[in-house]
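Order of writing sets the labels: A, B, C and D. Residues in every chain begin at 1.
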Amino acid sequence: MTHAQQMLQTNPSSAAVDASMLVECIEACYDCAQSCTACADACLGEDDPKSLARCIRLNLDCADICDATGGILSRQTTFEVQMARAALQACAEACRLCGQECEQHASHHEHCRVCAEACHRCEEACNNVLSGLAA
Amino acid sequence: MTHAQQMLQTNPSSAAVDASMLVECIEACYDCAQSCTACADACLGEDDPKSLARCIRLNLDCADICDATGGILSRQTTFEVQMARAALQACAEACRLCGQECEQHASHHEHCRVCAEACHRCEEACNNVLSGLAA
Amino acid sequence: MTHAQQMLQTNPSSAAVDASMLVECIEACYDCAQSCTACADACLGEDDPKSLARCIRLNLDCADICDATGGILSRQTTFEVQMARAALQACAEACRLCGQECEQHASHHEHCRVCAEACHRCEEACNNVLSGLAA
Amino acid sequence: MTHAQQMLQTNPSSAAVDASMLVECIEACYDCAQSCTACADACLGEDDPKSLARCIRLNLDCADICDATGGILSRQTTFEVQMARAALQACAEACRLCGQECEQHASHHEHCRVCAEACHRCEEACNNVLSGLAA
């Protein structure tokens, strides 16, 4: 349970895109930031982290961008479409790259399978908001 | 719906405190970071943000510490109790101060009421994990 | 004085672009994150923060993206050019939008003039690294 | 070169502690966040990252807290001494733990030696501001 929906509904400025789509994206960004942070750590705790170096690296990058994008989308005051678009494009790309890498290890490591799921959900949510912005 | 619980269960290192208590705290940290970011923005969008300056300021501080603490608690590898304790104490204090300020405005601004709720949940969750660490 | 250059030189992986250009960009990202955080606060402390709402909002967005990009560029292991490019493009755009807004207030508020300077330096540094990646 | 000093001098609210001490601490926090992020990555790029797992983990934790503390100290509006103290205590402790770990590897890995230096500088700067707050 998060407070994202209530926070959006009580903001004096209304959302620039469909509210339920936006809430989904905000929640997916924070969830993906958490999953990627946890997946980097889980990979580091495996017997051979060297073989997971690319996964750890992309996990850390993806967490950083998801964090930033979740924050930006949480702001409705004087909404700036070019700023939102720049962040969303970077976030969708980060989730795509990280999700792809996690999938390579999904059959060996459950944490990579779960994290790939979080990345895919976030990538899709970012692309949905991007489509909404363009309209 | 977040992936925090699954990420914890699939980590090769087991949790240093009760897992359900830890998941609750991780989720509360990320949720409070989001709520505080959104509340700072909602306050800024009100007619007289000057009167909400202290609320905005504490919201931004609290979001920063909740973000950091959520990340730290998401790591189970070579868990360091002194690091966790330092972060949790700062986070509980930040949530206490920010929640108190938000409550002052709760009757006028719904976003402050909701954010105070997120702060109180997070403060309590941090204190619960702190008690678990001490045991 | 920062340790960014020494950290880059002692990384077992060599930089994917010209090292001095990369160090300049890393330092500019962290500096711009700090300046934007401070400028949002300084605007909030002015007599009429309402008139600076767009500046505060873009400052906070820009700080988030600069923070993320500074972190991503600090990693050299299994460097992924598509990830770097996505972050750098978002960061250059965020700095352009925020710098433009700060400039509007530069004659009235010294903090906006200084922050615009930090944004311009960071935008240019990001574009330089982007050109280096493309080569 | 950073803009931290100019940003502090142009803030409409004056600093709650000695300005040069505060600037030093803000710069040390951002620098330590960068060094720890880079050291985690450099450790991951070494031949045997498994043996550096504790160092990587503490680096990531320390970067998170330094980032948060650097942001909090950058705000002068309605300064809240209890918030600053909570963050500074967590940051000094994180830098102490991480700096100690990095020192263990300083003779084998130059990046750990440099990072330990950044941690020690930041720990000391936090403790100096803490003393100033108490006065």
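As a convention for this text, a residue touches a chain if its C-beta (ideal position, glycine included) is under 8 Å from a C-beta of that chain, and two chains touch if they have at least 3 such contacts.
This is a predicted model, so every value here is computed, not measured.
Peer 1: So which chain is farthest from subunit C, going by the mean of the CA atoms in each chain?
Peer 2: B
Peer 1: Residue numbers at the subunit B-subunit C interface: does the shared fraction exceed half, giving same, or fall under half, giving different?
Peer 2: same
Peer 1: Measuring centre to centre with CA averages, how many angstrom lie between subunit A and subunit B?
Peer 2: 19
Peer 1: Could you grab the centroid distance between subunit A and subunit D? Build each centroid from C-alpha atoms only and quote it in angstrom.
Peer 2: Centre-to-centre distance between subunit A and subunit D: 27 Å.
Peer 1: Can you list every residue of subunit C that touches 2 or more other chains, as numbers and ranges?
Peer 2: 41, 44-45, 53, 57, 60, 67, 71, 75, 77
Peer 1: Using the touch definition from the top, list the residues of subunit D that touch subunit C in their complex.
Peer 2: Going through subunit D, the ones touching subunit C are 1-4, 6-8, 10-13, 26-27, 30-31, 33-35, 37-39, 41-42, 44-46, 63, 67, 70-71, 74-77, 109-111, 114-115, 117-118.
Peer 1: Quick one: in the complex, what on subunit B touches subunit C?
Peer 2: Going by the criterion above, the answer is residues 40-41, 44-45, 47-50, 53, 56-57, 60.
Peer 1: Considering the complex alone, what residue numbers of subunit C touch subunit A?
Peer 2: Touch residues, subunit C against subunit A: 53-54, 57-58, 60-61, 64-65, 67-68, 71-72, 75, 77-78, 80, 82-83, 86-87, 89-90, 93-94, 97.
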